[in-house]
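First subunit A sits with subunit B, and in the next complex the same chain sits with subunit C.
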Partner chain A sequence: MEKEYKKLFTNMEDVEPSNKLFEKIMLRISREERMIVTKKRIAVFSVFLVISSGGFVYSFIATQNAFVSSGFVQFFSLIFSDFNIVVAYWQNFLFTLLESLPVFAVIISLVMFSIALGFLTFLIRDVKFINSNNIIRKKYGF
Partner chain B sequence: MDFKDFFESKIFIVFFIIGETILLLLTFGIGMMVGSKKADFSCNMDKNYERNFGGSGFPEDLNGAPQGGHGIFGQIIKIENDAIVIKDSDSIEKIISTKGDVSIKKFRDTIKLSDLKVDDRIVVIGSPNDSGEIEAKLIRVMPVPPTKNIDPVNNVNNNAN
Partner chain C sequence: MDNDSDEKLVEYFLEGEKRALEVLVFRYYKVIYNFCYRYVGDINVAEDITQESFVKAWKNLNKFDRSKKFKTWMFQIAKNTCIDYLRKRKSIPFSRFENEDGDNNFVDNFEDILPLPDEIFKKKDLAEFLEKAISKLPDANKMVVLLYYKNDFNFREIAEILNEPIDTIKSRYRRGLVSLRKLIGDYEY
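Coming up: the complex of A and B.
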């Protein structure tokens, strides 16, 4: 009986693993590593997105107030109430608008908006990566 | 050539950089021009402050904050001959000269200078003169904001009169 087993195993061909197995394992490991890093990035970007969005909302409200307190809104409203006179003295009107424009507040708002938009872009990219990875995993099983 | 290729082409990048530079220089130029006008008006206000308002010269806390001389929005605190003294949101007093051709508007009506009252909130468009005053071209009386001056006990708007 034992001899027959030995005979059987000596005559059996060795099962060779697939040539792509190593590649697949390495690919899976690197993908898992990227997933871990991406999940951490998503957590960090989410926090930064919330902070920068809050900053943007705050700066936007401050800018709105600056437009009112500088008189820009009141000057601008003259276009609707006294259009003909505004056109007649358009140079003075233009200078008035430029002089009362709260430039600093607008710059701060735009910077905060750009930062929030940047974090949102990074977040969407990472979420897309995780989603596509999950689809591949479900479809091909690795 | 599709849009993606066009936006990634070197020609587009070169034109984009040139356009951005022109825009930057234009903005810088406008800033310089507006800053220079504000500085001129502030300088004239400073020189004529004693003559216009009395006291001992331009208030120190206004130093470094140039004032615009083409328009003002604020409350009338004094009307004297052809001049109106206005206090703006920063509590800075400015003199409005109404000697030239001025349109004074309230709602849809054109009114006279004598119809203006102390405490009226007005918007003025004009041009600065060498005396540190604003020569008005348009004065519009603004309606009183509904939230202000409302008696909370009787819920009566005191500005209605």
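Coming up: the complex of A and C.
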């Protein structure tokens, strides 16, 4: 009896999936693989973003202080108080301004800002990727 | 690698051989797709569930008990994914013939399974007829019969896949065949 039924079921045709199903599965798996890596990267980037933001705030305050202590602010304020003298001696004035500019502090601040901005960009890109993947998953409620 | 056993392929994959996963997916994606299609009855959803099932399998391959059959495990994942989908859609189909305990009074009144009439094999549109007859079976019985005859699982493996006691599976199998035989018998040749 069982053989008869077995024979009967050999007549039942399989439903053919779309010819790209295999590729779709492999693509989903590699996407999931990327998701896992991305999630780990988000965690690392978040930590670095906090550190670099803190570093930027600290270097910004230090740069502000450096501007005051180097006399740059005072020299610069001459533009508003004694504009005619500044124009008359503009070469000396420019040289003095450059000399009093806290270059190192400014560079450090800019570097910290660039680093924080870089991490923020990476973080946004990764979060976008995770969100787009979640939308696909939610489509069928998985 | 193409001729290696499933369990060996899992081992290769866990050792870092990515191609082993491709071979495994290629080996099973069509049968899993067909299983999902029979479960949810929609070709597009079946494709998505098939993808999701393989993703789940990939994620949990390191937890796979290599003393068991990969095929059974894979079908188990597919079945659970189908149920997840149907639950989310709040449309788990319950057979109108079955009560909550899975008893089927309608079929229980039948005699033992009869042999198939010879005429059935002479039928021109047998595949289509069979498809229609199968679709009329209660879902629980249909899945057992299909897993047994289409996917070559034994009762113990089906019980494992569907997470039901083996006696329930045997009784569903019997009921499925009785119903199918009746549908075939009702047909005028």
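The definition used in the following text is that the second predicted complex is superposed on the first by the 125 of 142 C-alpha atoms of A that agree within 3 Å, B and C clash if a C-alpha of one lies under 4 Å from a C-alpha of the other, contacts with A are read in each partner's own complex, and residues count from 1 in each chain.
Everything below uses one rule, namely that a contact is a pair of C-beta atoms (placed from the backbone, for glycine too) under 8 Å apart; a residue touches a chain by one contact, two chains touch by 3 or more.
Values in this document were obtained by computation on a predicted structure and should not be read as measured data.
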| item | value |
| --- | --- |
| Partner chain in contact with A:Ile124 - subunit B first, subunit C second, else both or neither | neither |
| Which of subunit B and subunit C A:Leu98 touches, first, second, both or neither | first |
| Partner chain(s) touched by A:Ala43 [first = subunit B, second = subunit C, both, neither] | neither |
| Partner chain in contact with A:Asp82 - subunit B first, subunit C second, else both or neither | first |
| First (subunit B), second (subunit C), both or neither touched by A:Tyr5 | second |
| First, second, both or neither for A:Ser70, with subunit B first and subunit C second | first |
| Touching partner for A:Ile51 - first (subunit B), second (subunit C), both, neither | neither |
| Complex contact set, residues of subunit B against subunit A | 30-31, 34, 37-38, 68-74, 88-89, 103, 105, 123, 125-127, 137-138, 140, 142 |
| Contacting residues of subunit C [partner subunit A, same complex] | 21-22, 25-26, 29-31, 33-34, 37, 43, 45-52, 54-55, 58-59, 81, 84-85, 88-89, 113, 115-116, 120-121, 126-127, 130-131, 134, 149-150, 177 |
| In the complex, subunit A residues that touch subunit C | 1, 4-9, 11-18, 21-22, 24-26, 28-29, 32, 139-142 |
| Residue ranges of subunit A touching subunit B (in the complex, touch as defined) | 69-71, 74-75, 77-78, 81-82, 85-86, 88-89, 92-93, 95-100, 103 |
